[in-house]
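Common to both upcoming complexes is subunit A, partnered first by subunit B, then by subunit C.
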Partner chain A sequence: MLPVCPLSSLAPGEALRVEADPPIAVFHTEDGEVFAVDDTCTHQDASLADGWLEGCEIECPLHASRFDLRTGQVDAPPAKKPVRTHRVLVEDGHIFVELSADEPNLPPGVSVAGQAATGGPL
Partner chain B sequence: MRTVAVVGASLAGLSSARALRSQGFDGRLVVIGDEAHRPYDRPPLSKEFLAGKVSLPDIALEADDEELEAEWLLGVRAERLDQQGQQVVLGDGRRIRADGVVLATGASARSLPGLSALSGVHVLRTLDDALALRAELESGRRLVVIGAGFIGAEVASTAHQLGLDVTVVEAMPTPLAGPLGTEMGAVVGGLHADHGVRLLCGTGVRRVVGAERAQGVELLDGTLLQADVVLVGVGAQPNVDWLRGSALELADGVQCDSGGRTAVPHVVAVGDCAAWYDGRLGGHHRVEHWTGALDRPKRAVATLLSGDSSGPEPAPAYFWSDQYDVRIQFAGNAQLADSVRIEDGDPDERSFLAVYRRDDDAVAVLAMNQPRLFTRWRRSLAAAPVTAPVTTSATASLTAPVTATR
Partner chain C sequence: MTVTETSPSLIATLPGTAYTDEAVFAAEQERIFEAQWFCAARSSDLTGPGSFRTVQVGRESVLLTRNRKGEARAFFNVCRHRGARLCTEESGEAKRSFQCPYHAWTYDFDGKLVAAPNLTKMPDIDRVEYGLATISVQEWLGYIWVCLAPEPPSFDETVRSAVVERLGDLESIEAYDVEHLAVGRRIVYDVKANWKLIVENFMECYHCATIHPELTEVLPEFADGYAAQYFVGHGAEFGDGVKGFTVDGSEGLERIPGVSEDQDRRYYAITVKPQVFINLVPDHVIFHRMYPMAADRTVVECDWLYLPGVVESGKDVAASVELFHRVNQQDFDACERCQPAMSSRVYARGGVLVPSEHHIGEFHEWVQDKIAGAVPSAPTA
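So, the complex of A and B:
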């Protein structure tokens, strides 16, 4: 369990980037729900925490791919792969994230260490 | 409508095909593309792909499980659209009869006269262009980039990162003055000097020197720049020549209303080849940006399927550029502005947000490494009511200096 922050310090409609490897984005929706997904868009290197939150959907700040925060599914291209979701727990007014054991869908050229990976053959 | 032909198989064409299916068209869908490749993403061609960090499968636009039930005719050029717009004639003689046509043929890289015969001289528009350029970007070589626009600047950045000695030549006194205005154009152009890349402004190119292979670039002031590789990045022209002789209105692109409707019934146009009427600028305007090719097909397809092109003004133009690890984002129309002001951060730190205004109304926003703030500004620009420009000419202040205030 990764402690994130007190719920009261993340206002509804706001997002927070958590420095993990890979980084995580935590969202507090206008409806009061809290979600966590990998912060890096699956299309290209951009922070989803910097994106536009609308309902349970996050729009990437770079190319406007949209992901459903509940499932990670792509709602709008150019992203082709879902973003990995993490389980969120709110206990005693504090947000915790349980990191998923699934493989992340990081964009091409980005590796888990956060450094540019070398490309494969054409 | 039983058959729709989409002419063009890049982002605008693919987005049109997707929009046709998602908006309920279940007839025959033919997608025609002059490149042999399935749709791929062009922006990485000057960046990650050119640097060899991502591969061709990485930049494919279609998802692995995507099935549009389309007939893909790739590697064949559309040569003619008949008068009524109901038949597309292909380069191999085939004729595609269609009840509806989406024109999405994009644009081609401009070159300079007399250059094409020399090896070592490149343009960058297609995947094949990128592969040819990439093969020549060897560490230690000298690259001269002609044109300090976004393509030129991104290639300069990538080549610098690959270890080449890079010089950028720009004919105008300030780079990017058209899209960004002179003040901010100078700020963004300053990224080159940050990394030791020479930027020479205000001097045109006389010729590329060399017999069979380029050896240098001679400027109008007589300066000779030694070069092993030359990239010509002087803009693009819409691919509309094949449409001459049709009943379409052609100027700088296929003239369309603000819903993509052309002068020919059942023919719409999208992407770089199309000049939609822009209510903010008060005229027809070609948008050569990726986001336009992604978003506008939805609207154009709705126009095609319903016959009704009315609707809200499309969102303001948006584009981004990645240079030297700095993310630049821009939305709106700088040419409408009479002032630009830094609202946050510091240009010297290469992290700031600037808002362009006409009187008190925000008309554009530029950010370097400020994506979160930028997203909010971009949203508010899109939500603002559209008012036509006050001056008689929308381009009156296109290159006029705008005053930066702090």
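So, the complex of A and C:
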């Protein structure tokens, strides 16, 4: 379990990028739910934590791909692959994330440590 | 002023080149429009987060918007990456952010760089430092005022003071509740004249009886040539039988509740240097902003502001708008008539001001003081 931060330090409507490998994004929705997904958009390298949170949906700040935070499914292109989700636990007012064992769907040029990056500079 | 007029009644204007010289205009852009508070837009033009306008201030394009909290924000309209113009439209609604169409550098409504391709691989990039360059903003009288100077002059001492200088105090304008009035009509004039000709025209009434028959009918004292701007706190009184500030003297609209008995049936005019004219009458406020575009071209945006109920109910404001629209057309025609002659050899040393125009000399001194030293071969009057 990855300790993130006290729930009280992440206001509703806010997001936090957590340095992990790959980085993850934790969202506190206006409705008070907390979700965690891989922070990197599956379309191109951009931080979803910097995106536009509305309901249970995050819109990528770069090309407006939208993902359902509950399932990771793509709600709007240009992203095609879902974003990997992680299980969230809030215990004693503290946010914890259980990192998924699934393969992440990272965009071209982004890889986890120890793996060769696919793609490269133009 | 180095020219001594032989007739004591007359003082000199600026020389003709002050109205045509590109170097003079460039100095005015830098030392005046980019250095002073500049009234850029009506607050209600920006309806909410992401609603934007772009305006020309001096040599710069300025992007005006509201952040997610609804606060007015102003930025240089330049992408920090490779300098592309960020917003090319004059107005619109940005949905989530301002995104450069070139490489997709993306800024939130506070100007912070929130996304760019591969930005996460460049964690050393400071997102505020490489965010949009911020411009100081004030909201007053329901308008968004910006100042491009890194350290703006005092808003009180340069803007509010102009109103106090004219009306005697701030309460006199607060009575009109200009902030909460609604735009009943906006007309934009593209005037082929130097901005100073327009200021000078607005400051004097020597021309009133000649070119403004309708206005002089409503404000008979304008026939004596002394503008409402000549005496502190004085408002020109409506003529007998004039029911309202309308093109034919017919009844106006609902009176603004705060307007006092002393202010009723009177017209007050204020110049806020360098580019704002405000006219106060009991039932509306006419608010002009000038956008100097070139030495010989000025865009003037003019709002007619009424009580919100007047605008919402769709009351006919045509007779009311028509009066000052005609005045504007008459004035701008006069300015356009002067502009070509500014480069005549006859006007090389400029013209003259009669006693009822002598206060314009103070405006000339203000301009010359601001641009002193900025023009290599500054012409002197």
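The rule we apply is simple: the second predicted complex is superposed on the first by the 115 of 122 C-alpha atoms of A that agree within 3 Å, B and C clash if a C-alpha of one lies under 4 Å from a C-alpha of the other, contacts with A are read in each partner's own complex, and residues count from 1 in each chain.
FYI, a residue touches a chain if its C-beta (ideal position, glycine included) is under 8 Å from a C-beta of that chain, and two chains touch if they have at least 3 such contacts.
What you see is a predicted model; the values in this text were computed from it and never measured.
Novice: Is the arrangement of subunit B and subunit C around the shared subunit A a clash or a fit after superposition?
Specialist: clash
Novice: First (subunit B), second (subunit C), both or neither: which does A:V90 touch?
Specialist: After superposing on A, A:V90 lies clear of both subunit B and subunit C.
Novice: So, does A:G109 touch the first partner subunit B, the second partner subunit C, both, or neither?
Specialist: both
Novice: Looking only at contacts as defined up top, I'd like to know whether subunit B or subunit C touches more of subunit A.
Specialist: When the residues of subunit A touched by each partner are counted, B comes out ahead.
Novice: Tell me the contact category for A:P23 with respect to subunit B and subunit C: first, second, both or neither.
Specialist: second
Novice: With both complexes overlaid on chain A, does A:P78 touch subunit B (first), subunit C (second), both or neither?
Specialist: So A:P78 only meets subunit B here.
Novice: Between subunit B (first) and subunit C (second), which does A:T40 come into contact with in this model arrangement: first, second, both, or neither?
Specialist: So A:T40 only meets subunit C here.
Novice: Identify the partner contact of A:L7: answer first if only subunit B is touched, second if only subunit C is, both if each is, neither if none is.
Specialist: It touches nothing on subunit B or subunit C.
Novice: In the superposed arrangement, which partner chain does A:A64 touch: subunit B (first), subunit C (second), both, or neither?
Specialist: both
Novice: Of the partners subunit B and subunit C, which touch A:D50 in the superposed model: first, second, both, neither?
Specialist: Both: A:D50 reaches subunit B and subunit C.
Novice: Of the stretches 38-46, 182-190 or 218-226, which one of subunit B hits subunit C?
Specialist: That would be 182-190, the one stretch with clashes.
Novice: Just which bits of subunit A does subunit B share with subunit C as contact spots?
Specialist: The overlap between the subunit B and subunit C interfaces on subunit A comprises residues 44, 46-47, 50-52, 61-64, 109.
Novice: Note which residues of subunit A are touching subunit B in the complex, please.
Specialist: By the definition above, subunit A touches subunit B via 44, 46-47, 49-52, 61-64, 74, 77-78, 80-81, 108-109, 116-122.
Novice: Which positions of subunit A touch subunit C when the two form their complex?
Specialist: Within the complex, subunit A contacts subunit C at residues 23, 39-40, 44-47, 50-52, 59-64, 109-110.
Novice: Provide the residue numbers of subunit C that touch subunit A in the complex, in ascending order.
Specialist: That would be residues 96-97, 104, 106, 114-121 of subunit C.
Novice: So in the complex, which bits of subunit B are touching subunit A?
Specialist: Within the complex, subunit B contacts subunit A at residues 15, 18, 41, 44, 48, 52-64, 131, 290-291, 294-295, 320, 327, 329, 371-372, 374-376, 379.
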